[in-house]
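Two complexes are shown next, each including subunit A; its partner changes from subunit B in the first to subunit C in the second.
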Partner chain A sequence: MKPALLLAVACAIATPAVSETFHWAGTTDPNTMDPHAGNSAPVLGFLNNIYEGLVRRGTDMAIEPSLATSWEPIGNGEGWRFILREGVTFHDGSDFNAEDVVFSYQRAASEASDVRSWFASVTDVVAVDDYTVDILTSNPQPIFPDSIANWMMMDSGWTMASSADLPAPGEGNFATLNANGTGPYVLAERQPGLETVLEPFEGWWGEERGNVTRGIFTPIDNSATAVAALLAGDVDMINPVPVQDADRLDGVDGVRLIRGTEARVIMFGFSQDKDTLFGTDDANPFLDVRVRQAVAHAINVPAILQTIMRGSAEPAAQLVGAEMNGFSEGLAMRPGLDLDRARALLTDAGYPDGFSFLLKCPNDRYINDESVCQATVAMLAQIGLDAQLDAIPVSNYWPELREDNYDMYLLGWSPGTFDAEHPFRFLVHTPQDNIGTWNFGGYSNARVDELIPAIQSEIDPVARQAMLDEVAATVQDDVVYVPLYIQPLLWGAADNIELTQRVDNFFILRWVTVE
Partner chain B sequence: MTQTETPPTPAPVKAPSRLSRAWHSDLAWSFRRAPVAMISAFVVIVLVLSAVLAPLIAPHDPFNPATLNLMNGFTPPGEANAFTGDFFFLGTDDQGRDVFSTILYGMRISLFVGFAAVMLAMVLGVILGLLAGYLGGWTETIIMRVADVQLTFPAILVAMLIFGIAKGITPPEYRDQMAIWVLILAIGLSDWVQFARVVRGATLVEKSREYVQAAKLIGRSPLSIMLRHILPNVLNPVLVIATISLALAIIAEATLSFLGVGAPPTKPSLGTLIRIGQEFMFSGEWWILFFPAVTLLALALSINLLGDWLRDALNPKLR
Partner chain C sequence: MLAYTIRRIAQSIFVLFVVGLVAFSMFRFVGDPVDNMLGQERTQEDVERLREQLGLDQPFIVQYFRFLEQAAQGNFGLSYRQGRPVAEILLERAPATLELAFVSGMMALAGGIALGIFTAIRRRGFGANVVMTLSLIGVSLPTFLIGILLIYLFSVELGWLPSFGRGEVVEVGGWTTGFLTASGLKALILPSITLGLYQMTLIMRLVRTEMLEVLRMDYIRFARARGLREKSINFRHALKNTLVPVITITGLQLGSIIAFAIITETVFQWPGVGLLFINAIQFVDIPVMAAYLMLISVMFVGINLIVDMLYFAIDPRLRADRTSGGH
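Take a look at the complex of A and B:
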């Protein structure tokens, strides 16, 4: 008792002002430190602390100046002109200027980049002078600045010198384990899967920053372990809190629950461009829209929300939630649970006895992802479909999907622009060099492909909404995806931690203050 | 003609005599005097029988997804579900699976892995121990030094290493089916040392006995001497170690599965069930963790107690 008390007093005396170490834990380790090699929230969210873009999102999610101080459209929708901030340096001391922007564009828009879809409409990036950059687009892009908040700037000198000129999402390169940004924190230590340490960048241009002098991120894939670590005081913040522990955590002294709704929609996708089922010579039944409709009618979403998600999530009917810009009000109803209809649809499609297929799921990416997939296996079994579940860690998940090792898969999508057009561009457009890059299933519809660029360049909100509604209706009619629910945002933090929760589930260290 | 058929066959007389001989044996006598052993044996028999007969006893088939109703999820034990009104003796887990049924099926896998792993360890250990003890020389040095080196690592670590290597070389689509066999291999290979050391020690003693010398003199081959003469005389301690190893193997399997490197969730063993239940430890659904854990405890404890009793009963010094 006494030594422990003494120790506590000693700590209390030692800590003030000198150093504030902040430990946080999440389920998913960012799989790369390269901001152009991973278009996923764990990667982009984490790297927002180290790298910066021309613009960034504030606590209210609105766009604000970052490495660019101002921007304006060029002429009649030919592009955008950005005026860069002067006196900004990278962590290694080199200056930031227009050359780095041009380099970062070439790198991020390259074939190897995972974020090249952001630049589908960009024709060129020109350095007008050292601190002025013109981004030229093939058609008017009214929300372009909104769409590049996560386009992070890399130093051309550092990147070339370390032979990381191009992102290498698969094999990795120097930039996978090292970072050199302009952001508020420096990557002090990186041990993939174990621990990643951030320390403040003394030469940062910005002023508003919390008092954390050492931020330590630890991936903890078992959610119960994470809760135990928070309750024991081993970590100061966890993301996410498992839904089953949310209420309990709320009632514990010393910690608190921060609840929100994430912009992320969880959905099932299908293989729609392969002739055969995975690993067989059997014809692919998911090519038939009636089979996809049957799946949609067989999944009991209210039951999933009631039990697995414990009432913490909202059902979803579209690829975005109702809070997002461009949501189609008239299409807010999900297909209802109707097993008889589902069986009839399967019979019509020629599968009265069902069939066996591979269902691929991550087991450490979304809240209760594996449980949701297990429950889906049981629900599909009611209509005779025999889903073979393969639940794997997210580090192997995306490569497996890219190699077409699935028949049906689970996907969560959070629109980076907070606009309904975002998922259409990534998930619905026919996969081409820099658009439709996350459309694993390979759905292709000429009319949709025609509408998406038109939506991007349309300035009149009414005409834009009409086109969004048309695409949303097509996506529902063709059952391109089966949207399930909008994921809840549940963070747990010690009471002495001040922080701001972003609806895209990004954790911003400079908004953290330890009291 | 009729008289030739009458000579009484010896069998009906011999059978009861064998039974009564077993009943009056030292082992049975000591068993009847040890209540702990009797209770343990009873628990083991009940658990093993219910595991073997799981398909007949279990009220639900937890591996048939078509019979599950998600709305039954998290039903507490002994209460009716608030939505469906269904009743479950030991409650349900997050997927609406009956916990009682999953325990019965899980125990099948735990027991199977345990038995098979001990069999593997025993066969391997006895053969290597006999060879080392009887042949001596370089054979003995190599076998026993390998055993010594392996003893310096914790058995569970060796098992994890073997499991990791085996997982690395099996193609991903067969991993789930292979998991059980890999477990058996991993636990069996990590456990042979105990058998080998004991058998070698006993063989060294027996080797110098007169009956072995005599067998050598009349020209029996070394193989035949090892198997026909020495082996039957070193089996008593092997039986004791096998019983205690069974409890350890079941716990080792549960540990591996709990750590997520053992039986997959689609074929859960008791350890896998405990791992799944552990997620709900903080949220009040105690039964998902508690009942599989208690079953594992009862199983491992009774086998261990039975092994302890067997060791004492077979020890001539304590008789």
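Take a look at the complex of A and C:
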């Protein structure tokens, strides 16, 4: 990788009236260009412009054909058959066929892969002929196509020839800095942490693509610098806009604010498997559901949304938002603000005078996370609860939660499959080796644990929804979490830029038109 | 002389070891890199496997000695974030920081000396008082605030200068330079002012004080009495004698310009080693943090060692102490 060059070529081209160079900035640089070596939104979002999967998500987040033109279940839930698109080539000119799918499965499901959890139920991938692939699963997987929208296809020849036949997340290899996908854009230049340039792939199979001829991504860590760069016209789009700058940006000529909601739900969780409060010998009050209900009734979510989120976010009642598949329509009401009821619940539970406990929060993970926790401390004080807030950087936060150093904590969850089952699997199932891995509080319910695998393999949508509703109702009744709101998506763009925002915060260059 | 030199070098090496030890003992408080490296669908097994693979399950002393062992062979390891050799990344980023430090250092020196002379000669003048008052702002405003203010004025409002980045750079034998293009030079202006403002006011105040001191000396009075021209007195006689301490301070400040470029680089998204370090902290990229801290401490220890050796060469009293007794 040669450092240098070209940033200013963009500036030079940018002066004439008609320009198709598009310069955008985000806070996080994708740390790899290898689609199987990273499982984070910055990596997968960026690589969606270069690589493609068998299926992809449209502007409405629904699954649509991509490298596969159609798919159907095999037999009675033994797997899925995908019919591949013919005439697709990789950026280096080689053909895409079933062999590449089998190879991409082996690579993505390998020990070194960061995305192998997607293939936990897959037993084999078989190339039936050049353009037909059977993916066999150990049990029925009704939403399998939904779960592989980010499983990207790599060319077996290119990958082997460059000795990148296995992903290498820690060490890096040729595929960390170079890419060869089938997608609408070619990786023209990659300078990690500085600048990444995309150019249209002339041989792309698709047609719906904006007019950007050169897309330049620059990570800008400091949000004030990013806002200034947008206002100065040095970049055409920034993600995110800090909440406190949102209104101001709205009032400036030449730029506009694009407001949406992300798929991420912000919630509070509780310690539910420890006998004592952190650092004391006192009994853990959060084991009592009435205490958790009291907390839910004491937090004034509308006030948080109005003052801290400046009206940009929507309240949440479940672990997923209403746009997600499998959302339980009947459970859309969140517990209302009711301080008298909260106090009565605490009295019933034996804490008429409240108690003191440790509230852990990140201070650089979610939008205004620390402010939300500070507001919560004040709200809980009204019912006599004395929350000791400890707000720390996210790189220290997860280890602290893993070590149980909290009594109540803040968590955000974005369902990777856009399905209500996803948070149940990670946040509600009893913690085990590979399930319930983010259920820090240790909530455990035998009925829920029984329902989750049943949901995963239920093919009938009505029966599936009934089970999802049952789990969602249990989660609400037991106040396993107190969902607060759905995090807003705030992007800023120049007025001459047309774009589409996706709720998973992926930035799709194909949907950008420079006017 | 030899004994003194060996002693000083041994002391320097000891300081480096201690800096490294302190750095490594603190890395675990920065956080856990594993969560950043694995996605949300990771299992506990993945976490432990990766931690073992990276050697993070070992006590920090063991990690430190592993690092030293590798570093002694010129290997600073692979960045967790980029999966590339740390040495390669540092070399790639170094030109940006060094060019910025050089330009802001030169700016600070030239501006500081000029304004220092001006305020010393026109001690009671209106202009000098304005400059002195403004210089207080330079000393007291935090760097990031100055940076943001400059960006809003010159990039957002006036649109004269770029708000971030290095502009177009040209590669000359493995060194990327912004000196050869118009956009590269324009991009240097705001970050250099931001970084150099504090040093400039420092030098200005130093020059002014020294100059006022010198102007009170007898030889200046005699020069005046001899009827020499004011210009000749100020610049040929007074200025020359004020420069010695200025040069010493500038040399020592060069290290801090490079080390404290971190904030300026963050505000301007300047792609140097300081920004790299900030990113490394956010990601808990231990190999990059370790290499950067060692690099900076080598630089500081090196500068101090050279200064000590120069003093030794200049100041005979130090030599006297060594040879016990003497005068």
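We take it that the second predicted complex is superposed on the first by the 290 of 515 C-alpha atoms of A that agree within 3 Å, B and C clash if a C-alpha of one lies under 4 Å from a C-alpha of the other, contacts with A are read in each partner's own complex, and residues count from 1 in each chain.
Here, a residue touches a chain if its C-beta (ideal position, glycine included) is under 8 Å from a C-beta of that chain, and two chains touch if they have at least 3 such contacts.
As the structure is a computational prediction, the values presented were derived from the model and not from experiment.
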Which of subunit B and subunit C A:Glu314 touches, first, second, both or neither: neither
Partner chain in contact with A:Gln382 - subunit B first, subunit C second, else both or neither: first
Which superposed partner A:Asp404 touches (first subunit B, second subunit C, both, neither): neither
First (subunit B), second (subunit C), both or neither touched by A:Asn222: both
First, second, both or neither for A:Asp273, with subunit B first and subunit C second: neither
First, second, both or neither for A:Asp134, with subunit B first and subunit C second: neither
Partner chain in contact with A:Gly38 - subunit B first, subunit C second, else both or neither: second
Partner chain in contact with A:Asp469 - subunit B first, subunit C second, else both or neither: neither
Greater subunit A contact set [subunit C / subunit B]: C
Residues of subunit A contacting subunit B in one complex and subunit C in the other: 222, 224, 228
Subunit A - residues contacting subunit B, complex: 222-224, 227-228, 242, 244-245, 247-248, 279, 300, 303-304, 306-308, 370-371, 374-375, 377-382, 389, 391
Residues of subunit C that touch subunit A when the two form their complex: 29-33, 35-45, 50, 53-54, 78, 80-84, 89, 92, 148, 151-152, 155-156, 159, 162-171, 176, 181, 183-184, 266-269, 271, 275-276, 278-279, 282-284
For the subunit A and subunit C complex, residues of the former touching the latter: 2-9, 11, 29, 31-32, 37-40, 114-115, 117-118, 168-173, 176-177, 192-194, 218-222, 224-225, 228-229, 231-234, 364, 393-399, 414, 416, 426, 433-434, 437-438
In the complex with subunit A, residue positions of subunit B that touch it: 64-66, 68-71, 73-74, 83, 94-96, 173, 265-266, 278-285
